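Next come two complexes, and both contain chain A; in the first it sits with chain B, in the second with chain C.
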Partner chain A sequence: MASRDEILAWVTGVLTEEFQYTGEIQLDSDLTDDIDLDSIDAMDMTVRLEEKTGLSFKEEELKSLRTIGDVVDLIDGRL
Partner chain B sequence: MLRKISRAWRIVGTGISFSVFGILGLLLAATAFPLTRIAVRDRVAREFYNQKLIHWNFRLFVRLMVAVGVLEVTVRNGDEMARPGQLVIANHPSLIDIVLLVSLMPQADCVVKKEAWSNPFMRGAISATGYLPNDAGDKLVDACVERLRAGRSLVLFPEGTRSPKGSIGPFRRGFAHVALESGATLRTVVIRCEPPTLMRGQPWYDVPDRRVQMTVDCGETVDPRKLAEGAPTRGVAARRIAAALRDFYGETLQNLMP
Partner chain C sequence: MAGSEALSGGPTQRARWHGVAERGSLWGLRFTIASYRLLGRRLTLPLIRIVVTYFFLTDAPGRRASLAYLKRVHATEAGRKALGSSPPGFRHCFEHYRTFAVAIVDRLGIWIGNGEGYTYDSSGIERFDQLAEEQRGAIIVGAHLGNFDALRLLAKRMNRVVNVLMYTDNAPLINSIISELSPDAEARVITVDPNSVQAVFAVRECLRRGEHVAILGDRVEPGKKSRVITVGMLGGNVQLPQAPVLLAAALGCPLMLMVALCDGPGHYRVFAEPLAESVKLPRADREAAVKELLEAYSSRLEYYCTRFPYQWFNFYDYWGEFGAADEPR
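Coming up: the complex of A and B.
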């Protein structure tokens, strides 16, 4: 069982390692507009998060993700 | 007075050119494209054939615009663009950039925005040529890579939309992924349009106060893998390539400023 803070730290870690993202990351940061992820980035981020959490996400679950908070919620709801 | 007459003529000339362009497009859609559907069974051969028809159509259109005096075109190194199997990227100052580029490329795959599929002038051309719709997301990258690997040339505008007036907009990174994955020759083309015209949201009849001068400068090839050297992931590699090329375009356009 991981806390939401830990999950946020995972997500932040993935963004740093995968994209060398150095900007601010908050729960309401928009994945496209604030973090500047495109569809390929989103795929790569998903793969990394799946590795980290041992979960596997369905395409429908991923389509509705808009913010960092949505990603945290998704993982939180499944763990 | 003379200036007013000249501008009035260029509005008429632009109208004539666009009308002819539209009519030729419809004619091709009504005659040549359906004919090749029957006569050329092989899909790739048919796409090449139709792309060549569009190439000649666009050449004609450019010549018409030049002949009626609404446009002056300078091309540097244009022969290089006709080479097969290259990924051609360009900035996007005006509506007719793609027309100029394709007029220099006998074979060119293009990415067409989704809205164009519902334009009757465009629809026939798009389906006959195998142009790629841009609503496919990451599948679009795969489709582009496939074309390049098959030795076809492809035109992409990294900005994904028309450039802001006199400068360059943010780059998307799809082209960088396409370049990295395909390993195709990446050629930079710089388009300059002076005075700016046919920008995003600008109606065709809003012609500038003097004849439009367009320059198509076909530059050197770039090795995307060199630009991305040492990048730990493809996400980082694409970011480096996009940043480097956007800097290149920004600087080049800056230096070209009158």
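Coming up: the complex of A and C.
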């Protein structure tokens, strides 16, 4: 069982290591406006987080995600 | 085949192919379809030739683009062999337009006539058979070169669903026309809204079912904040969308190039070539890796353009050399 902090560290790790994101990442960072992810990035990130967590996400679950906090909540709820 | 029951509604709609009359209106598209149904191929061709001649005579920017392209082809050795030694002029341009007319009619024949009367040779498509055995789908990247719709013939042969990813502001209308034409579903259209993740997830679902997803990779959609990369082609620089490569990388699937070129009435040569078995984009230099793949893509387009010069159907300032006034249509 991973803590929310650990999950946030995973998500941050994916963004900084895989996407070379260098800005600040907080729970309220907006995926589109702040992190500048487009739809292909979103898919890329989903695949990587799935590999990391062993989970499988559905389109419906991902459509409503707006912030880093939403991503953490989603994973936290499923783990 | 995955069957015709799947994927109704949503971003993916049961449909055949898109893009018959990119240069004309939807009215023109309906008119063309009606005339093909009424008159058949033999009588539709002269009719389309009249329409295309009208475009040829009235569309100065298109003519200019055609000539600029043909000159680039002529500057290569293979291109001179294909076009003849005299420098491209009015006559070559007209031939370019006339070939476009044939391509339009062939697209109709493939949609409406269900490919009846069309034959093709192919090379490289064995890879698709292997993928079928492995239950894997590929991203197929094509171009406005030859007849991308001939992919439908291939989909039939492969007994495999091919989905085409398209950007359009007119998705509902175009899809309604396409659905009228297509009672079955070897090919479907996934429409893309750049602000939504729906399309990419639809792509993933298709690949997971072992279906292929085709994208035309030679045009950057205007007005979109899409990522592009500049590569060389026919002695100049062009911008290509990164999306096909990024999708294949994100989804871990092979990236295939496919073009179908007409080499006689009703006969096509279909070329399928792997661009990458799996697309790996190293963290340190993603952009360089994407560029390398798109350079490979553009150099293959260049190869086919210089062998089949009249079948390149981008009648706009593709090399961005005319200034701002001439936008893609």
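Here is the rule we use: the second predicted complex is superposed on the first by the 79 of 79 C-alpha atoms of A that agree within 3 Å, B and C clash if a C-alpha of one lies under 4 Å from a C-alpha of the other, contacts with A are read in each partner's own complex, and residues count from 1 in each chain.
Just so it is clear, a contact is a pair of C-beta atoms (placed from the backbone, for glycine too) under 8 Å apart; a residue touches a chain by one contact, two chains touch by 3 or more.
Nothing here was measured: the structure is a model prediction, and the numbers come from that model.
With the C-alpha superposition on chain A as described, chain C and chain B clash in the combined arrangement. Judged by the touch definition given at the top, the superposed model places A:30 against neither chain B nor chain C.
When both complexes are overlaid on chain A, the residue A:18 reaches chain B and chain C alike. Using the contact criterion defined above for the overlaid structures, shared-chain residue A:50 touches neither chain B nor chain C, since it reaches no partner. Among 5-13, 23-31 or 77-85, the region of chain C with C-alpha atoms clashing against chain B is 23-31.
Common to the chain B and chain C interfaces on chain A are residues 17-18, 20, 38-40, 43-44.
Those residues of chain A that touch chain B in the shared complex are 17-20, 38-41, 43-44. Here chain C touches chain A in the complex through residues 194-205, 225, 227, 243, 246-247, 249-252, 283, 286, going by the rule given at the top.
Those residues of chain A lying in contact with chain C across their complex are 17-18, 20, 38-40, 42-44, 47, 59, 62-63.
Residues 137-138, 141, 172-174, 177, 232-236, 238-239 of chain B are the ones touching chain A in the complex.
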